[in-house]
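Next up, some structures in structure tokens.
Each of the next two complexes has subunit A plus one other chain: subunit B in the first, subunit C in the second.
On to the complex of A and B.
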């Protein structure tokens, strides 16, 4: 099976007091077609930055100083901005942690979904609107018409995450990057969204890079797990390997933490 | 929305009543009698004559009667006559209005036209030489007192270079000009007043716009816009700008009282016959009816300005629009 995305030796540094502080220090991993790779690690280990680096949507103070991210054989990190905008949203899409604050508060859901459809698929407003409606039914929203004319603050967090998912999948991306998509949601909604994500993955056939600090989720959905610590990928392997024979100290720590909560 | 506006308007009435009561009392507490203007230069005036004058103006009645008489007139939009020259207060204000209004609308328009794009540019090039120099300039403008700046500019443009007229709004031979010359003449006279009245506000809006834009560009939804593959222009001018402009709308509403209130300082310096100077002169002459009319005018405008700011904000920000 060919690799959809190959990240090699990725190094991201932050400007701080005129010097550079590395936050991601040589991360290397790959995602195969149709695979779910879970990137696990504690807060601050660089998971989110890794995800943002792939299509270079980092904050201004962060710069990528080394490495490559080959997507279908082409390095995204050396690609020019214009070509990258074609990849973002079309080939590689994101969903984020807090859907409500990651949606623009002053535009309706409809505008925000149709925007990405019109941008990448050259459709007119009406067609885009109809497609947005279908997308919302796809993510199991019962009254798409109402949701489309709502503003994000009028919808619940779970609803907004569905909207976000619809927006991300609008152009049938080959890779979906989900950055802790359920962390801000409560447990029942979390289960629903995860199930939805897995169902959609089956029907639409995208690869999924799932970022979480929660190993119980990782255990349930992952094909493979990468454990990240202090900006490095410290361990990589199948779910069984990670849970049954963790090699790295940090992996054992994460598993212990997750088991401790289970015992409470 | 309409019912909301009406409800708010209705709610303003008690506040207006309070304002009239307090300002009326404060004015009455001020030293000196309002009719003094008519006899202070006349050493031969008798006590009876003073009493007669006071009776004509109704100042002999008890305070509460005076207040309700005045309030009654006010509710019929009758502000009474000016004590200094016996003309209707309303006429005197209306006569001064065009000058003050045109200067202030012009400067407000210029402020927003230039300050908003300037602030955006500053935000986008945060930390650049342009940004740092403009930050310095803005703080200087912000800190410089209006009268001082006005005098310096007068010294430079009117006396040193002799490019611009020093005061007033028309030249002496204005009557003999044709239409274009008249427009040009007024323009020359208004240039410095508009500039001076605009500069401080300009600096404020500019800084404000800059910080709003910087903040908007750091919001999570900007990452979403990027991740969607939008062009940098779309991200900045659609997703960030719309959010950054929200607070500016409030300022626009709040600047309403300033539009008509005029400025005592620069109208005095440039000898512009505007509302600000009318107010100043009225205060110096204890022209009670005129002072009260001006206070009410500014109070009403302030309240309306607040209301307009709220309504506009609700109109542009959906998060507020739907809050019950």
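On to the complex of A and C.
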């Protein structure tokens, strides 16, 4: 089967003190259709930057210096900005770590979801607003009407993550990139959000690139795992292979750390 | 929360605005009708702010002057805010060479002593109400531009701007729909303060004869006419002066109240 996304030899460097500092140094991985790929690694290993480089939404000081990211056969990294804006949110969507700070504080949730729908679909405001309501029930929000007219700071973190998920899924993307979506949430909400993500994946049929430092989550949801360390992908394989026969010492370190916490 | 200064400010400015709008109904006399029988009359029941050297009713002149002065204040600040917003947002968002170019232009504009610049331009273009609005507007946008640039610089690094990019919003859309609404608080405060400043500037220009031309009454040119009769007719100096004072006080109170309310 053809791969949905194929990232090859990705190199991202930061511009600092007039010289370039490599942060991602030749990352290569792929995601198949309908697959859940977990990108695991410690903080600072370049997981988030890798995810952001795929659609080039990096901070200004970061530059992609080499590599390619082929999405359904087309290289996103050489695509012009206008075509990329069209792909972001429609074909490839993101959810992020701290949902509350990723929503615009001066607009209601309803306006923000409506915006995504109107950006990518030819719909009038009323239709878009109704669809926003449906999306909120899709992510299992019980009183969509109230949530739609609330501001992000009036909602809890778990609620905001659901809202953000609704925004991300508004245009039925083929690939959802989830960058530590549950790290900022407490454990019970984390379980709910993960379950929701898996359920929605089943019904909507998108591929999922899930970024986490938490191997217990990786073990639960992943089809395959890529382990990242110091800007490189050091090991790649199925869940069983990674947990039963880790090759790279960094993978073993991560697993040990996770088992230590489990024993506490 | 009780916001005394905002309420008092709104009360003062609201009252003045209503008077300015209803000027023909409020004023007992035509502001430019000359009455030979009542030159330099002190305040009385018939002319309760007195009359000027040509026997015109001072109260009516101040009431009609409010239209001109408030109008100039609002339009001039409107122009300044618009120009400042556009240039400041462009400089802050795009950075680099565009930022350098715009901010150096701001520095150049700030180097000119504004009042003399306005005098020179007014002398060349000829004094008229329309010209004064534009001149005052185009020489007082620099503060707004600096303010907006600063706000945008910090806002554009916030997470929700990255989220906006991830859903496929274009740069222009991000600036107009997401950055400016978040930066508008301090701009509103400075604009309110600016209206007071613009009215003062207009009064100064009119006082020097380069502002609103007689017989059209503005608070500034009522004051010029008073200077030759200051010894015998104090009311012609005091009342327009009080009008200017009250207006500026009103706008400054609103600005202070807004600052408190918007947490700036």
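Here are a few things to note about the model shown:
In the analysis below, the second predicted complex is superposed on the first by the 264 of 264 C-alpha atoms of A that agree within 3 Å, B and C clash if a C-alpha of one lies under 4 Å from a C-alpha of the other, contacts with A are read in each partner's own complex, and residues count from 1 in each chain.
Methods note: a contact is a pair of C-beta atoms (placed from the backbone, for glycine too) under 8 Å apart; a residue touches a chain by one contact, two chains touch by 3 or more.
Model, not experiment: these values are computed from the prediction.
Overlaying the two complexes via subunit A brings subunit B and subunit C into a clash.
Applying the stated contact rule after C-alpha superposition, one finds that A:98 touches each of subunit B and subunit C. In the superposition on chain A, A:153 makes contact with subunit B only, not with subunit C.
When the shared chain is aligned, subunit B and subunit C each come close enough to touch A:119.
Using the contact criterion defined above for the overlaid structures, shared-chain residue A:34 touches neither subunit B nor subunit C, since it reaches no partner. By the touch criterion defined above, A:223 lies against neither subunit B nor subunit C after alignment on the C-alpha atoms of chain A. When the shared chain is aligned, subunit B and subunit C each come close enough to touch A:85. In the superposition on chain A, A:42 contacts neither subunit B nor subunit C. Overlap of the subunit B and subunit C interfaces on subunit A comprises residues 52, 55, 57, 59, 85-90, 93-94, 96, 98, 101-107, 115-116, 119-120, 164, 167. Taken together, the subunit B residues at the contact with subunit A in this complex read 218-221, 223-232, 239, 242-243, 246, 316-319, 322.
Considering their complex, residues 95, 157-160, 162-170, 173, 177-178, 181-182 of subunit C touch subunit A. For subunit A in complex with subunit B, the touching residues are 52, 55, 57, 59, 81, 84-90, 93-94, 96, 98, 101-108, 115-116, 119-120, 151, 153-154, 164, 167.
Residue ranges of subunit A in contact with subunit C, taken from their complex: 52, 55, 57, 59-60, 82, 85-90, 93-94, 96, 98, 101-107, 115-116, 119-120, 164, 167-168.
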